[in-house]
Amino acid sequence: MAVTTTVRVRYAETDQMGVVYYANYLVWFEVGRVEYLRGLGYDYRQMEETDGAILPVVEANCRYRAPARYDDLIEIEASPILLRGAVLKFGYRIYRAATEAAERQLLAEGETTHVVCDRELNKRPLPERVAEPMRRAIHALKHPAEV
Amino acid sequence: MAVTTTVRVRYAETDQMGVVYYANYLVWFEVGRVEYLRGLGYDYRQMEETDGAILPVVEANCRYRAPARYDDLIEIEASPILLRGAVLKFGYRIYRAATEAAERQLLAEGETTHVVCDRELNKRPLPERVAEPMRRAIHALKHPAEV
Amino acid sequence: MAVTTTVRVRYAETDQMGVVYYANYLVWFEVGRVEYLRGLGYDYRQMEETDGAILPVVEANCRYRAPARYDDLIEIEASPILLRGAVLKFGYRIYRAATEAAERQLLAEGETTHVVCDRELNKRPLPERVAEPMRRAIHALKHPAEV
Amino acid sequence: MAVTTTVRVRYAETDQMGVVYYANYLVWFEVGRVEYLRGLGYDYRQMEETDGAILPVVEANCRYRAPARYDDLIEIEASPILLRGAVLKFGYRIYRAATEAAERQLLAEGETTHVVCDRELNKRPLPERVAEPMRRAIHALKHPAEV
């Protein structure tokens, strides 16, 4: 039930080690997260503007397996993995896309934890029309046999 | 009358060519611009929050002379060069600071042009208490003999 | 003869004014430039690695017409506009893509000037197999009637 | 034995939520890490160039306590917390510096784990002249009474 988004590594994202700078994976996590929401027919801009719900990050973790390089085609897999009250957790896998020369390769894995807030940064539940499909996605993730 | 601010090149700012990525000079321009305002006893946050005046950029130019490298100590010289109605223009020079081994070196020069706006993005004059010292700085720049 | 590349505005690219931070347009210029080269069957990574030709920027200009906002779909039009010896100049137009509610809108225009260099940063001509189609593109740009 | 480095929040580092974008804390971690090494009389550039030792990140974690805002003065505390073979772990605390109006406030905490490598990305031990003072710093951290 994860949504996959594809981006190409920009020159701006590399560093002098010749690989993607480590903080940029968190930017890719965000891109994947937003596209996941869009896949639910729900855009984050709308959630901020219409519902007044924002998703500040309270924790982010990333484990780096292999370096992404300039011009690589990157696949970002994102999926919610926990929704309990105002706490929402996403999981991510970052891959280098398969090429003629090489198979798809896992580059990084990670999680971000968010607290759903209103504009005044008070906790609030996720708008139900996005919460409901997420709960189903999380359930399906844990019980793959039922899908 | 230019104000000089010092920053150190971050690993994040380099690219795989082993030099600072070209867009980051515009970030340094912004750092120099803000410190110039602070030197007038005026912070930009306050200008946004209290006076409701913002300075969106309408044009930016940069000429690159020599590459900045990781860990270089960078001197940002910033100064207003034009203030006419709502139009404010800043000039910048970016240097690698002198070291024991080498003299201070010019790395880049540029300008940014801003239109002073209120929160609704309507043109408005610069708050007088920041406009007045800027006009003097610009005058002094053009008539160095009088200073 | 310009090549158009589409990107979506990332949350990371916005600033607290609620619009895309001005330096990020130079990142988009780079994305457009690279995709232009790819459209010629030529990737920049290959040019760096195989031909040993790099394209450091010596000048960048951007004129901002209207702000890009979070989640906007951005169209980057890039095209070479000058190739003389080792000097290569690109022109760019940045648009917000048309939506159901609004027509395509010009957000920014700019140019970057590059000097083609070898790995030791000595001037060298552009590899002929990329120079030749560029010269034709530049010619077509100046003589649209002939196309 | 932590080293504290001070940076000021740049406009470029904020996002449209009006706070510092979450990936930028990892940039600050890097700044603190580098300044820690410099405090040992050891600069990272030199380590890369002279010793051929690089410190790719294999894991990064950050827990966000309170948002950093534009123009805040940020104190980055960095310290090695583990050195075992080629594995080196740093810990960080990010604070908003005390002002006349408010006490110093913890904004984020985190860790990065590195594997010391040579240029070919083979594991190697940390150069002894930087390893030795780090081991002492880690020992002092665990046995504060002895200091």
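As written, the chains take the letters A, B, C and D, and residue 1 is the first residue of each chain.
Here is the rule we go by: contacts are C-beta pairs under 8 Å (C-beta built on N, C-alpha and C of every residue); 3 or more make two chains touch, one makes a residue touch a chain.
Since this is a predicted model, take the numbers as computed values, not measurements.
> Between A-B and A-D, which chain pair shares more contacting C-beta pairs?
Looking at contacts between chains, A-D has the larger number.
> Which chain's centre, taken as the mean of its Cα atoms, is farthest from the centre of chain B?
A
> Between chain A and chain B, what's the gap in Å when you average each chain's C-alpha atoms?
36
> I'd like the Å distance between the centres of chain A and chain D, where a centre is the mean of that chain's Cα atoms.
25
> Residues of chain C touching 2+ other chains?
Within chain C, residues 11-12, 17, 19, 23, 27, 30, 70 contact more than one other chain.
> Please name which positions on chain A make contact with chain B in the complex.
11-12, 14-19, 21, 23, 70
> Flag every residue of chain C that touches chain B in the complex, lowest number first.
Chain C reaches chain B through residues 17, 19, 22-24, 26-27, 30, 54, 56-64, 67, 112.
> For chain C, which residues count as touching chain A in their complex?
8, 10-12, 27, 30-31, 34, 43-45, 69-71
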